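Here it is, the structure, as structure tokens.
Letters are used for the chains, namely A, B, C, D and E, taken in the order the chains are written, and counting of residues starts over at 1 for each.
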């Protein structure tokens, strides 16, 4: 089950910029992948020695450095030195419990957001992704090797579409867009789940239905906490007047902004829908109880009086004239018939039958 | 049943501007209709060859191109080329799961909104309508041939009223106004439904009443999600200082803005009303349960004690002096009368009778 | 019962400015009343021929034209021509389902608001009032001849107070103030109703109490929908820098603004209060149910076991030694006494008695 | 019990500035008290003839005029004339149902707020206090002679502290501060009440507990309605750039502003806390009902079957072989034992025992 | 249990700046500790005579004065004189019931916030911390000697990291950061508690579960009240253009701001989660009741009719033909079997079995 807050292994009061990896260690090896591409060329290779990068990112071509695995803080620190990143930025990269945000530094943007996806069992997973967007370079930090970015990698390699003709900011957009596309995918799945629960509500709701409702609500809260700040983040990027984000790329960021708005609208709508479904469920439970009680009441109010009549003539008094009447027994049945009839009419009137 | 989110058939990570039709294919043929009118003239024809348009939209007269059917992405792409539309605009046109919005491009506005109407079974339907408002031309994209725009077409053909004397922005207004008029119509229908449910609540509410409540609530959520962004959209149009929207047309847009505000107010009021109706329903269910329980309790508390008395004198002990008393049997009836009387007085006091 | 939305008889897609009366026809004759007053003079007469007005409103004195009855759209149109009003303004005047608003036109303000009052049966009624505030003239449109404006008319005729010395904007203020005073009056009545329901809750709440609660809540929703936009409207009037509203009148409008704020605060407080009363009511119902169940449970748990004992010795086995014991019958009574005693102690401990 | 809205005795439509006292007449005599102090001097006396004031307030020293009792509108009018107050200001002073506000007039501030205090029976009382802050004079209007201002009076007489060295704006601050201190005191009392109710909830909640909850909630609504606008009011005073409020006094007003914020935060927190307590209470009631039902069910499901067994052998058929068996009676007891045992095990498993 | 509001021992109406300690006296001795450090040096000592400070804080090096214990108002007053603090600042320092805030004075910032921590029994504790940030000096006031600041002290003594190279503003940041780190720690603990309650809800929820829910909700309200204003406070510090906060330190404050945002997001998410858990709990209780009722109803509706049958043949009428039939007794068992069978089928159909 996902956690709403990650416990920091950082002791309170530690100096800022202290590189402590917060979160589960999800991969063993830190893997560094380099893309270096321009209109004509495209180099893709794995990096072992960080010295190689030093030269690379000073060229005009787009340099994309993708780091997978955050537990090895020495590598993160080395990269921080090469690109002269602020110590707080490095601290935030390795603290995977961070809130999505954007920070504008002197010569780069620092962007944190959450990659959300469903694993094989349709369970919601969340990985933190950090982006450093500089002039001619983009560095991305991921917790594990996901397949969210693979479509973008493919597009770079193929050289199809716009991506090889554009700069780093477009690459950043393409990656964020891929992440947000996953959000929409998750919302679609959640919509299906909600529909199934609605169907259950209509046919045969049980306590399990209620538990599913709660678990989807929980999921919505989880998503909202992770997605809500992304809207603010994108808004800041769009409004920023930094030369790092070119005029022609802004229109693309605005497009992702629309998508995020759509996702947030949907989350809010789902929350309202879920609470309406809860009301429906509770009213169904109430009605069922009512029905159970009615059955009990009908049976009891018919049979208790006539059992009493039978009880009366089961008494052993010596002096009970009715017992000796020849029509006594028939009389009892008549009484029983009348009582039952009256009760049934009463219930009909009350619309209990 | 309407869906709250459309699943994108676009694979996450696909390049932006990829033309993938999202949504159900609702019509087989793509139909292109051209209106070309000015103060004196009015041409209306169906277009087969898109080459015809090329010349048309450069004249001073108003050119309205209405495309019905979005599944044939090649046609959309061709139109995009002729009017030099941004690839993202084309992507949004064919993605029918989009959020209402307006985008100001260099020489055109791109507007997306939802046409909502009730079908024959009074079920709520939603179609996406996109508008491209340029200088002297307006392009509209619809999923199916609806009759929402037919009144406007009639007005153009008749040449009555203001429409033939005004420019494209007025035509855009007229179409948006027709759509918003439908929203008001739907709200009126919803108001009728709510009134009927209120009547049911007053007379004889059942679980069906509750289900109707839930389904109207669901409808309100659906409407809010689709209508809320339209307010923001119109506000942007009114505040935009683009020459494409003339000063004299702004007052008309402000009028639609008022209507949208009215619709949104009504949606919010209905939501509050529905939740108050839910409370009423739940309290009715509670009261019914109470009444059922009271009937059971009254019958049981009267008959259980007197049945016990009858049970006592049904025992077969050899040595039971009362059985031999001549007034024993009458005594039992007196006891029963007293017990019943006491109970009835008690229930009267408790106001259960 | 009041409606939350008026169905428009206007067909969707009709041209804007089409004069279609929306709402019930509440009066048969359209009545036009003219006030023409200045510091020294005061003329009040009914108008039959609209030609008379033409000259009138061009003088320096204040001209107040009050039209009662909106169904005769030709008269409205004629007035529109004389004062050169925008077609949309005329459309809004006859559409009585409109949202309160203010529109600043070139040489006049167009104001729509709702006159709310209680009829003889204390039922809430709502009439639309539209005001056209121009230089030296004010036109008011009412659905029926109400007595809301009569106090203002009296003041004009008497010439007492400030009103004859001030301009049209002050007259507009005086009329709006009279309307808002009625809102406060209605809130006072609602406060009384709420207090009565609270008293019922304390003494003897029934399902009727709940229905009253719901109906007051409904009323609050209705009021909020009609009154909320008035605040915004007044704010716009105060902030407008139009010469039509003089500096010295603004302080009066600010005073009405305070009153509206007070009304809105009260509506919000009442809503919260009503929902707290609902909680109280539901808890009372729950407690009652609890009490009913306790009575049933106490009676049943005492008598069911002892009836069983009596049942045992009612059996007809040949071989039942107890039946022959001389103290057998007394023993049964002792058992019954013990069982009852134990039960009573148990209930005392549980605080059910 | 406090009212949420005061019914205006002013007839709707009366001219603005009409002096009609709204509210209960709480004192018989109107009492006018004058303080005239500066660094060296301090005069305190009661005023009978309003002529005396005329000269007084034109000096450089601080003149504080405190009027107690608002029903005598002639006196209010006279004061209005002397200090040339706007008619609307006078109207608002005598209308004790007014919303807290500040109005900036040409040469004075008009401030309305509510003095809240607990009377001997700890019941919440509310009096309206109006302040006119001019250059070198402050006029305060109270409904009754309260002791809220007495501490300030003492400080002026003693000449201790800062107050004699400061101007009118500081005096206004000191009075508002005294009022706000009372708000905090009331919140403290409410906090105690809530704690007592929480204790009751933990030990032995009854319907009375629920009624206390409702009454505290009611109180919170009442307080919020009266206190919320004070924040806005103080904010306007702080931001106003009028010379009437000196730079060095602003820091003091900011301090009261913090206190009001604290009070409002506490009101909101209490509201949330109360609603959580309501949930707790309702769940306790539900659990109790559950327990009652369990006792009934356990007793009934054990004894009903075994009573049936006894009933069977109470039948009088001639041909019932079991009755003649010598071990028949023992067999019945064995059956009873087995049934009871099975039921008990079932209840244990269900955790009902 | 923590209190939501501290009762002020200050009598309402007392002059502002009156030094009255509000809150519990938590320590006996007031302890003054001095840190005086720069790049090269670091002096740490306890101060007895306040005269020593006078010289100290005028040097270029960073002077940190930490006062523990606030009950001795004379010492606070003396410090106020030395650093010429505003009387209202001193009043707020000793009033430990204050709302977090920042105040910008001429040559210092006054910051109030709450140090929150869990004591040995995991109970939430709150201490007020005030900071005076001046040029080259920082004064901190604490209620008791906590260990929240000890990590910072350690860093100063070691001279490791950035702290010795930076100015007072960085020290202020480091202390606030230490406090906020504790907030995150508390949220983590709360997250664990919520998870445990969720587990209980899934397995075996009792009334205790509900009480835990309420107590966590209470805690959240308490935290929100104390933490919410810190965000606003930090925002003011970041936006302030005072030279006291250097450009290079702002980035650090922005980092704490992110952390506070994260904490507030989490509080809001937890609140929503808790209310969803409450719904789940209530539905579980309802379902249990339903199950109890079903068992009762099934047993009762099967046995009451067949007991009646047995009752009938227990009657002592002389003339009851069935009693003499040889197959009479078997017939009764057949009737019983049929009735039971019918009932069981009925319950199966209703899905009660």
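The criterion applied here is as follows: contacts are C-beta pairs under 8 Å (C-beta built on N, C-alpha and C of every residue); 3 or more make two chains touch, one makes a residue touch a chain.
Every value quoted in this text rests on a predicted model; they were computed, and no experiment measured them.
Novice: Touching both subunit B and subunit E, which chains are there?
Specialist: A
Novice: Taking all residue numbers used at the subunit C/subunit D interface, answer same if over half belong to both copies and different if under half do.
Specialist: Because under half of the interface numbers appear in both copies, subunit D and subunit C meet with different residues.
Novice: Taking the mean of the C-alpha atoms as each chain's centre, how many Å separate subunit B from subunit D?
Specialist: That pair's centroid distance is 41 Å.
Novice: Of all the residues in subunit B, which ones touch at least 2 other chains?
Specialist: 282, 286, 289, 293, 296, 300, 304, 307, 311, 314-316, 320
Novice: Name the ring's chains in order, please, starting from subunit B and stepping to subunit C first.
Specialist: B, C, D, E, A
Novice: With touch defined as at the start, can you tell me which subunit C residues reach subunit B in the complex?
Specialist: So the residues of subunit C in touch with subunit B come to 1, 3-8, 10-17, 86, 88, 92, 97-99, 101, 103, 204, 207, 210-211, 214, 217-218, 221-222, 224-225, 228-229, 278, 281-282, 285-286, 288-289, 291-293, 295-296, 299-300, 303-304, 306-307, 310-311, 313-316, 320, 322-326, 328-329, 332.
Novice: Touching subunit A in the complex: which residues of subunit E?
Specialist: These residues of subunit E touch subunit A: 148-152, 155, 160-163, 173-174, 177-178, 181-182, 184-185, 187-188, 191, 194-195, 202, 251-252, 254-255, 258, 261-262, 265-266, 269-270, 272-273, 276-277, 279-280, 282-284, 286-287, 289-290, 293-294, 296-297, 300-301, 304-305, 307-308, 311-312, 314-320, 350-352.
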